[in-house]
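Letters are used for the chains, namely A, B, C and D, taken in the order the chains are written, and counting of residues starts over at 1 for each.
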Amino acid sequence: MAHAAAVNRPPERGLDVYTQKVGMWVFLCSEVMFFAGLIGSYIVLRFGALENTWPEPAEVLAVNITAFNTFLLICSSVTMVKAFAAAQAHDDQGIKKWLLATTLIGAGFLGVQVYEYNELINHHFTPSNCVVVRNGVEETCSILYGSTFYTMTGFHGFHVLLGVICLGWATIRAYRGHWSGGNSRGIEILGLYWHFVDLVWIILFTIVYLI
Amino acid sequence: MDWSLPPNFSTHGDVIDQLFWIILGLTGLAFVLVEGGIIWFLVRYRGTPSRRAHYTHGSNRLEVVWTVIPAVIIVVLGGYSAMVWDDIKNENKFPEDALEFTVIGKQFEWNVVYPGVDEVLGTSDDFEVRNQFHFPAGENVIVNLRSEDVIHSFFIPELRVKQDAVPGMDNIRIWFDSREPGQFEIACAELCGLGHYRMEASVTAHARADFDAWQASQVAENGGE
Amino acid sequence: MRFDYRSRVAAALLTGVLYAACGGSDGGDADAGNGESGGEAAAEVAAIDPSTVGTISGTINFSGDAPAMEAIDMSAEPDCAAGFGDEGPMMQSVVVNGGGLANVFVYLSAGVMDAPAPYGAATLDQTNCRYAPHVMGVQAGQTIEITNSDNLLHNINATPTENRGFNISQPRAGITSRQSFAVAEVMVPLRCDVHGWMEAFVGVVDHPYFGVSGDGGMFTISNVPAGTYTMTAWHEQYGTMGMEVTVTAGETTMADFDHTGLQMAGHLVGEPLVIHHGSDEVVFNRAQQ
Amino acid sequence: MATAIAEPTGRAVIEEAHPQSFLRKYLFSTDHKVIAAQFLFYTLFFLMIGGLLAVLMRQQIAWPTEPLTLGGILPETMVAKATDGAYMLPEFYNALVTMHGSVMVFLAIMPMLVGVWANFLIPLQLGAHDMAFPRLNMLSFWTMVPAGILTLASFFVVGGAAGAGWTLYAPLSARPDLTGVEMGQILWLIALVFVGLSSILGSVNYITTVINMRAPGMTWFRMPLTVWALFITAILGLLAMPVLSAAGIMLIFDQTIGTSFFIPSNAAGDALSGQPLLWQHLFWFFGHPEVYILILPAMGFTSEILAVGSRKPVFGYKAMVWALISIAFLGFIVWGHHMFQSGMNPALGLAFTVSTLFIAVPSAIKTFNWMGTMWRGNLQLHSAMLFAVGFVAMFAIGGLSGVFMASTPVDIYIHDTYFIVAHIHYVLFGGSLFALFGAIYFWFPKMFGRMMNETLGKIHFWLTLVLFNVVFFPMHGVGMAGMMRRIYDWTGYQHLEGIGATNQIITIAAVGLFASGFLFAFNFFWSIWKGEKAPDNPWGASTLEWSVPSPPKHGNWSEIPVVYHGPHEYSHPDVTDKDWLGQNERPDVVTPAAGSH
């Protein structure tokens, strides 16, 4: 480029961020809107429900188990950060260890969620049925509670499942040495996704289980 | 060919029609300007190999002009529309002397609950008639709209009234009148299923005496329950 | 009076008993023959040895005061209203004539070992904005030919609980649609949403041994293999009644049902009509699904 | 310079060196140009299907009480066979109404605007070797394929295709017993989720490419307006489509697993009630940005073609960009104007009126700037230019008729009448489709390496322009007379007695309009094989795609170009040998910095 010097402004080629990372951020914007749609519907339906038809979360859900599950998922975010740090630090053993830990904790979260679903369905809390026991008497409650609960947590669980599959694949690659030598981009992008899923869960846990 | 608004019978229909013609005038003017300009440019600046186009990247002054002028027109139009809308739809401004009816849409019928001779809904002399809406002309009418199954839309073209009836939302209230007696129809304006096109009911605006007589005959027919 | 419009169907079914007027004059016009067509058709297809089959015949007796039917307001459909006399069209839910109750679906509810395959088609007509017949029976899998004789829109909305439902329309006269129900279900309600009063009931059973009482309450079930059965009668207002019948080859078993009209107690306006047959319970209302 | 190329592009160059199998080259290609061509064939097919549905529908509207011509060949789920012929069934009419809208919006116009042209133009106009994520790009096309298959299949399942309108208003769309449609509705919703997925994958790709893969010197304000429009559109798609997907999935659940998000219960005061209006809010939160997804790229193409055809820079480039951005932003806060008569709180109507009317301002800016671009130009009236001018003329009508609906009191009367039908078709057909035809005539040489026939193109334009107006202008009148949308037979209404002749004229013209599409199709396919060989830059255009051979080879550039000028430099006084200046040539010529005035 001989006449490049004649250009009166410096060449612009975009952000100082590599393309895959930009792509993941853009994709996560889309995911935000997806969950915003679901959560927004939940809020509208919950506040639009007639009085006393929407049960208190503790009346139906086992909040303690889920609180433990939330703790698990937060831990997995920490291990994910550790894995990325290890990749940046060329620590091959660390990558394997922390990726494996993240995968297992993610799978553990899913396991607890499946257990929770199973228990709830056994107690006749389904997407189309809602029963609460008040003063020893079974009362029906708004089925929208179940509808929204299963849709939101189900889609979150689906995202966790996708994450766990990718993590598992990344772990296998770690054992094959794919991430060695500072090749940390894949782990960083996966980490972005994983933290996003974690963040969504914290919001869901707050509005579905606590409030 | 009938390309015009149907004759208007209602009070607020006058304002709606007036707004319609105002907007038609404004947009008609813009239409002539734009389309005329395009045609003129097409003729005037038709390409010839001998000519070169005028080199310009635009004019900030013109940009401001054609941003501000439409914006001002829009603000005025929006303000006026909002006032009229508020007069028609704001429940707090509904006339207090209005006669109330309940109209229930269901696939594919309009069932009208009449207040009866005491002119109060929810009392024992209420009665219901399928697909016939009678009311006294020259008096204010409030309709409580309901739907049993899907969304219907209550539309009487000559009275310039249209409102969706939504299942699960009790009593969407609308207000209108017919200044003169007339024979109209309720059409359903929202796709409601395979009989949508046939969801029509007759509407009769009676002189008060005729309405009373009609009501009396209905009460007699239903055996004074 | 003021309706609870949310349960209009139940109301429409039951309001008939609240009024007094002459009943049954226009009730069973086209009913009697059609209900038995399934049985007759079956007789045609398989050569039946008359020495092995018998006939059940009887009457649905109705004692007590026959409730008067409510008039149907057909003023919005003048073409249909013109098809009726001075009295105008009446509801058909309770039709009593000469002490007999029409539109009762009678079928063998237990004891049938095996049955011939369905043969031929049952017909259902829409004429003067009413279904003819009002109550009919078909064998599971048998074709129902639904015809529109009115030159206006009818839709036929079938809302079964066991079978696959359908909701089709017939916008003008001369159109015939073919439908069927795959499994036994007593009864499948059909309605026309354009004309809220139009309702019909189809009893779907696994065999051709059923009948519908005609004007005067008479019913006949023919070509029934000899044996002992439970026979059940169903009526849209009065629910069901069962009895044991024994059919002897070559003979006609007479079996009557007696309705006092009291069974409707407990069915109040606004409540769904619950009908028991055997251990099953069929609830007729406009459930969502 | 070549060594400085970033790594995703390196692979594209390598791939080029290897001979590819037919499958890899044409079917599962990752080349953005091949994917664009795939989208083009796909969307032209569905454009034809959508048109066919419209013609069938129009026949019923014009002669509501007559049997259907050739109706006998349709199955009994669509027509009723009586002795004097086959009559269309109302449920099939509802399916036509629904699927015409759905197919045109989701399977024809939107993927044609974005799938075809964002794919084809973004890398070429920005000077990139390919998209940021070529394999994701391929996936984006292949997720559209099941959507199309499911849509076509839905016509032949029991109960027929979806019949609750393209807006899918619940609870009509949520309860099979209310429509008689079971599988058809679910299939269409699943197709919609696929469309959403495809659109989101595409958007991620386009946005990332625009952000990160611009050639050196291609600053934000040197991007062609087409790329700007496609970029803003991709953002709209990225943020709006997932909301529709979420709502669509909830609707599928209502249909299948017994939830009741949008189904109110029958009895008053029942605790189980879902909210029908929630569907409308979700749908239109998506739906209004969708309207701009359907028009913004068309605006981009028009700006580009008008500049080339007028031999002038785009008048007010920056104003055009800001108008695009403000339309997109306003697009997210005006959804309620579709719901003025829906039972929504009337006070909300006030807020939505104001925001809606304000969209008229950037639309007016754009229209005046297009006229400004033509002003004192040297107009070359080739087919592409004719369609671009046609776009401005027709979009103006569509925009002006929108003012009627934005005024809430007038909307009381014209809501859900044919006035609205006229309005959306002036925007979607007179607008988007005119611009799309223009874009096809304009970029066809670059895509296929051959020219389209100009004479046929001009005949196609005049036929389309005249017939389009004969079809849709009278709909304003029919709407003023009060004809409701989506009615199978209007003859029963006293206020509609006078519209028979108008409806028949509309239908006859609509058949002609549909037929004129085949003239275009003939020209299109004939030109692919037999058209005149195209030079690299047949129109004398200045953007980067015209500096490479027609068609460009895999990888587009052996060496990434460097950009020195704004995108639309025509008739520059310092350039005397020709009347255009390529973005990547003659750094010595001074052009206005970043398209300022």
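Assorted remarks:
Heads up, the rule we're going with is that a contact is a pair of C-beta atoms (placed from the backbone, for glycine too) under 8 Å apart; a residue touches a chain by one contact, two chains touch by 3 or more.
Values in this document were obtained by computation on a predicted structure and should not be read as measured data.
Comparing the CA-atom centres of all chains against that of subunit B, the greatest distance is found for A. Comparing the chain pairs C-D and A-D, the larger number of C-beta pairs in contact belongs to A-D. Rounded to whole angstrom units, the spacing between the C-alpha centres of subunit C and subunit D is 53. Averaged C-alpha coordinates give centres for subunit B and subunit D that are 31 Å from one another.
With centres defined as mean CA coordinates, subunit B is found 48 Å away from subunit A.
Along subunit B, residues 107, 148, 193-195, 197-198 each make contact with two or more other chains. Residues of subunit A in contact with two or more other chains: none. The residues of subunit C that reach two or more other chains are 6, 153, 155, 167-169, listed in rising order.
Interface note: chains touch in the pairs A-D, B-C, B-D, C-D. Interface residues of subunit C facing subunit D in the complex, by the touch rule stated above, are 6-7, 153, 155, 157, 159, 165-175, 177, 286, 288-289. Residues 65, 76, 80-84, 87, 89-91, 159, 175-180, 258, 260, 263, 265-268, 488-489 of subunit D are the ones that touch subunit C when the two sit in their complex.
Considering their complex, residues 1, 6, 8, 132-133, 136, 200, 203-205, 207-208, 211-220, 238-243, 245-247, 249-250, 253, 257-261, 269, 271-275, 278, 281-282, 285, 562, 564, 587-588, 593 of subunit D touch subunit A. Contact residues on subunit D toward subunit B in their complex (touch as defined above): 89-91, 94, 97, 163-165, 169, 171-172, 175, 178-180, 264-266, 268, 273-277, 310-319, 341-343, 346-347, 349-350, 353-354, 357-358, 360-361, 364-365, 367-369, 371-372, 374-381, 389, 392-393, 396-397, 400-401, 403-404, 406-410, 412-413, 415-417, 474, 476-478, 480-482, 484-490, 492-495, 497-499, 501-502, 570-573, 579, 592, 595-597. Of all residues in subunit B, only 1-6, 12, 15-16, 19-20, 23-24, 26-27, 30-31, 34-35, 37-38, 41-42, 45-48, 51-60, 62-63, 66-67, 70-71, 74-75, 77-78, 81-82, 84-86, 88-91, 107, 148-151, 153, 155, 157-158, 160-170, 172, 183-185, 187-198, 200 touch subunit D in the complex they form.
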